[in-house]
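Okay, so subunit A shows up in both of these, paired with subunit B first and subunit C after.
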Partner chain A sequence: MRSKPKWLFPVLALLPVLGLYACLRIYPIAETLRLSLFKWNIISRRKPFVGLDNFVELMSDPLFLEAIFNTTIVAFGVLVITIPVGLALAALINGRQGLRRSGFYETSIFLPHVVSLVPAAMAWKWIFDARLGPLNALIGWFGIPAQAWLFDPALSLVCLIVLCSWQSIGYAVLIFLVGLKNVPEALYEAARLDGASALQAFRYVAIPLLRPVMLYVSVITLISSYNIYAQAFVLASDVQGAPGHLVRVLVLDMLENSFRNYRVGYAAAEAVVLLVIVLVLTGAQFRLFRDRSRA
Partner chain B sequence: MSDPDHPSSDVDRNAPAGLAIDVVLFAVGLMMLLPLVFLISNAFKTPPELLAWPPTIIPDRPTLENILGVLHETPLLHWIGNTLIFAGISTASVVTTSAIAGYVLGKFDLPWFPAVFGIIIATSVVPFEVYMIPLYLNVQAAGMLNTLPGLLVGYLVMSFGIFLVRQYVTTSIPDELLEAARVDGAGEGWIFLRIVLPLMRGPLGALAVLAFFQAWTAFAWPLVVTTNKDTYTLEVGLALFQTGFTVDIGHLSAAAALALVPSALFFSLMRRNFVRGVAGTGLKE
Partner chain C sequence: MDFIATSVGTFGYPTSPGKKRHAWLSAAGLLAVAVALPMLASPASAEKLTIWSGWPDLVPFYKRVGDQLKAKYPDLDISVEAIALREHEKRLALSLPSGAAGDVIEMEVEAARYLEAGLIPEPPASIVEFVKANYDMTRVKTATYEGKIYGVPLFQGQGALFYNTDTFAKAGLNSPPKTMADYTAYAQKLVQRDTSGAPTVSGWSLRLSGGGSGIAEKYWTILYNFGGTLLEEKGGKWRAAYANEAGRNALKQYLDNVVTYRTVSPEMKADAEAFELGQTAMFIRESWVIGDIAKKAPNLKYATAPLPKGTLMVPVDLYVPNKGPKSQIAWDFVQKANEPENLLWLLENTAWVPNRKGLDYSAVLGKIPQLGAFVNTPADHVFFTVPAISPASEILTRLAARLEKAFTDKSLAGNDAGIDAFLKSAAEESDKILAREDLLAKP
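Here is the complex of A and B:
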């Protein structure tokens, strides 16, 4: 009976999970990389190897370039709103920690991050609606003429940024709060003794210590914004027969190439571009972390 | 570490400043909720009131017409059912696989385990959208489009779950405990089920909430693998319903509100679990 080898349990227990990973993660990732080198529309039997041709074609594909451009604008737009606003809110909430009402603050700011994307996007779509929406009525009060928020190419980008920032701020606040709790009270105490105001203490004590957390939140925010799809889908779809301006984002362009134009290899090449963007962002984060810990 | 139960003293000292902060935070909180509040309130408004300015928050003459109309026009309850089953199985699978793999990778040291863990974490960097297309082709080839298994394929495992459990197991479950049980002649399976699993209730609870929300809010994958009305998840059904030409804002809001309220309620109930799970993602060293 004692002869059961020690490795038997862990190996047997791990195998099914590894099997799932192999089939559902590793194989499809490898397959994406492979398909990106082939010219293949689902219907034809022929699947010739074309090397990097798909990538070369992407570089002069106006729709793809538009998608990359839009996605980048949205990602960085969301970033410049989310980080300062998130940091400010986290700092304010941190000072009210332990009070009953801080639960309300955290919940209300975090809720947009978790509720289903589609209904939330539909709520904003109504707000932005040119004829029925409260936004135009509101700016009308101030004498600003009504805007076609969802139809104008530039304004529809703004709408997408507002919607995505509204969703991502809660996550940033949550992570910043965790970071702020780890700042030793003694440091604030010392700053106060030296005559620093609360704002100065925050600026010169908390912010430097929070830098790794800020970096982490920035990268997560950028990566998730590069993956947006549902928000663009909902905002652009028809409003009572009037289609909004489609903000072409990366994932949307990729799915269109794959499922509408049946260009699977080409779409896979787009997926690889998305992967490279994400890897560069992640790599930059690791690098900056390492440099900082060495310095 | 500041003690969250005792607000720091300067808050009491600067009561006016504290009040100002409360006012700001209260206003921000309300603004964040406002779009959702409007959505729910619009669901109960009559067509003329929907056009009123300024928009009312509590409808003057609340009506159930929109909600009844939507339930009549769309299989919304059926979609909610689909999504519950999908999210439920996905959660069960994520929790089970994470518990097993996290424990094994955390407490046994075979020479190739660190490499396995590294690969699992590396795959988590790759967004789902990147490998969605090959996964779709496989599901299609297996004839699983429009089926529950096809839907689940994307949501059976979660690298973060394995990371979370492994982290917990290595820091909070002492080796001595497991050794003592082994000396007493307990089998490995028994140890896992009877000793380790009960100790992991906290992190597994947080993970379950996280997994449930991930599946409940899934969009791109359900959109491509389901193509007929009966198999839609709530998000997909709703997104396609709102592209219709003839639906009015009242009906749209009603449908969206019906989809929104369960997830918001569930979140409010599970807030602590959820926050613990999400905050864990920020605590990587």
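Here is the complex of A and C:
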């Protein structure tokens, strides 16, 4: 009797999940790619094929270029803050494992990641308020004049970076902690016997071993930062029209083009550009963090 | 309970064929009961009418109308789903093409897109007659496509000046500004500053920041009162019309107030909130502010005045997007909402100005005199509106993004050539959008 091929069962077992993945992930991406080549108005009956026209128009669209610039600044700003701060905090917490209040430190650092985004952004909006905010009161003690945090184009970018970093650090710390706990104690022992200080052991033992974890955290942080929207929207909006400077980010620009201007094809072209950027940056991160010892 | 426990408990275990059949029958019976229960719970005659609004402050109004309609439809259930305007626009964009919108919906000028796409059915002849008989046809433009009426106007947003009478009296001013030049002169007298010279109470709160098209709409109002307009129509097509002297004067007025005289600054509280807190002496806004002040600052002493020449008017119309048995109830609801008694209630309780002509406002004006600037405008006061063309919103949004930067650009203050270059570049962008949609008029 002919036996069934070995691959049949795993393939059959995976098929439902793969089917779902294809429907929920692959198909929308393929459809976005298709739409980007059409003048696809959400309500118009005529949706002509325009080839690469949407992409050509994007390249000279000042709002899109501003959005891509702002988003990139925010994404890299968040990355640059999150990785070192997250790693340092994780190392500090890891060093206090088993001691009093270590659980409290872990919880308080992770808390911003689980707090609902809109109320958190509202709280930060108050902190950044030019006239009543505690931040200006704080810098006032050092003789620094009050700043229009949410109205100055450069400062409002800084505010957005601070808000997004505050949210992402908790998650990074959690993942780094898992990584640090998996570093074998014997390696630290060996380093200590070789005369390494705690800092040197962290630098030359822990960090190289954390490369895969750092890759994961940096990829996740960068991708989520490129997709920010609600933070920028809440910081600049007000029901009574007393808003702040709206930091134009890519997702906000896409939403505006889709649902206010009804240009879904054009917004799809923006989404394709975002996809390419994220793919290229993820590829670069893989290259940067790859484990050279295996080469 | 035993029945459920027994039948469910047999699943998954080896059973005799008879037992198995019994289990399946039990499950089928349960399913039938589950499906039938909701049907039994509500009588077959009950109808649910869903109202989609972009103005949450109108919920009590629609509920009141719904309650009145129950005299005709006793089992009618009215559900008012009111969300923020921008979100409302998004849900319309997603639901109208798929036929999943509410039974009665509000729309502003964006209705043009849906009418053009054939997504809104024509109303019954009686509704068309009702509109023709009770409304000034200039106010029905946004609900009209190719000469046919598709919706019923309900209310309109229109601007007027709000000014704090106490602050005016302190500054020795006993009447509102009459010309646009007066506005800046007044703002200079009204502004209050701290010891460093920074304004603490703005003389005139201008819309200087924020996303969306609001900045451009406010600029348009000032532009109009300088004798200009944003878009002009020529033979059914349109062209940007603000790169000229009126456009320059309007932008200069912003720069004078923000950069030169600093009667206002972008980081100050603005708009209705600032007015209610006594942090601005005057500002231009729609009539809804009256209702907001009544709730949040009932002791504020203020008055209103019409703008020198005219104001941007944004009509809000009601449509019934779905054909079917419920559409007649929906049109009855629309007509009920537009009964004089309800419209006067709307004005008194929300301060939104009804569109219907021939209403007697005297009783409401006796209670709320500030509404006078909105309902008793001078005969030569002009109401202009955003053209009912599909790229209108995009043109305004893109212009707003440019204006926000220009308002605080010190290099433009006192620099007519710089202002002209800015306006020329912005107008070119507006024309480019019109050309893309094949709507650009020849110069």
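The criterion applied here is as follows: the second predicted complex is superposed on the first by the 250 of 295 C-alpha atoms of A that agree within 3 Å, B and C clash if a C-alpha of one lies under 4 Å from a C-alpha of the other, contacts with A are read in each partner's own complex, and residues count from 1 in each chain.
As a working rule, contacts are C-beta pairs under 8 Å (C-beta built on N, C-alpha and C of every residue); 3 or more make two chains touch, one makes a residue touch a chain.
Here the structure is a predicted model, which means the values were calculated and not measured.
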| item | value |
| --- | --- |
| Touching partner for A:261 - first (subunit B), second (subunit C), both, neither | second |
| Contacts of A:45 with subunit B and subunit C, given as first, second, both or neither | second |
| Of subunit C and subunit B, partner touching more subunit A residues | B |
| Touching partner for A:18 - first (subunit B), second (subunit C), both, neither | first |
| Contacts of A:148 with subunit B and subunit C, given as first, second, both or neither | second |
| First (subunit B), second (subunit C), both or neither touched by A:111 | first |
| Partner chain in contact with A:130 - subunit B first, subunit C second, else both or neither | second |
| Those residues of subunit A which subunit B touches in one complex and subunit C touches in the other | 42, 233, 237-238, 240-241, 258-259 |
| Subunit B residues within the subunit A interface of the complex | 1-8, 10-11, 17-18, 21-22, 24-26, 28-30, 32-33, 35-36, 38-39, 42, 50-51, 53-55, 97, 100-101, 103-105, 108, 110, 113, 116, 119-120, 123, 125-127, 129-135, 137-138, 153-154, 156-157, 162, 188-189, 192, 213, 216-217, 219-220, 224, 234-235, 238-239, 242-249, 252-253, 256-257, 259-260, 263-264, 267-268, 271, 274-275, 278-279, 281-284 |
| Subunit A residues touching subunit B - in the complex, by the definition given at the top | 7, 9-11, 13-14, 16-18, 20-21, 24-29, 31-32, 35, 42, 89, 92-93, 95-99, 101, 104-112, 114-120, 122-127, 129, 132, 134, 137, 166, 169-171, 174-175, 178-179, 181-182, 184-185, 192, 198, 213, 216-217, 220, 223, 226-227, 229-230, 233-234, 237-238, 240-241, 251, 254-255, 258-259, 264, 267-268, 271-272, 274-275, 278-279, 282 |
| Of subunit A, residues touching subunit C in the complex | 41-45, 62-63, 66, 130-131, 148, 150-151, 153, 233, 236-246, 248, 252, 256, 258-263 |
| Subunit A contact footprint on subunit C (complex, rising order) | 84, 86, 89-90, 93-94, 96-97, 113-114, 116-119, 207, 209-212, 214, 265-274, 292, 390-391, 393-394, 397-398, 401, 404-405 |
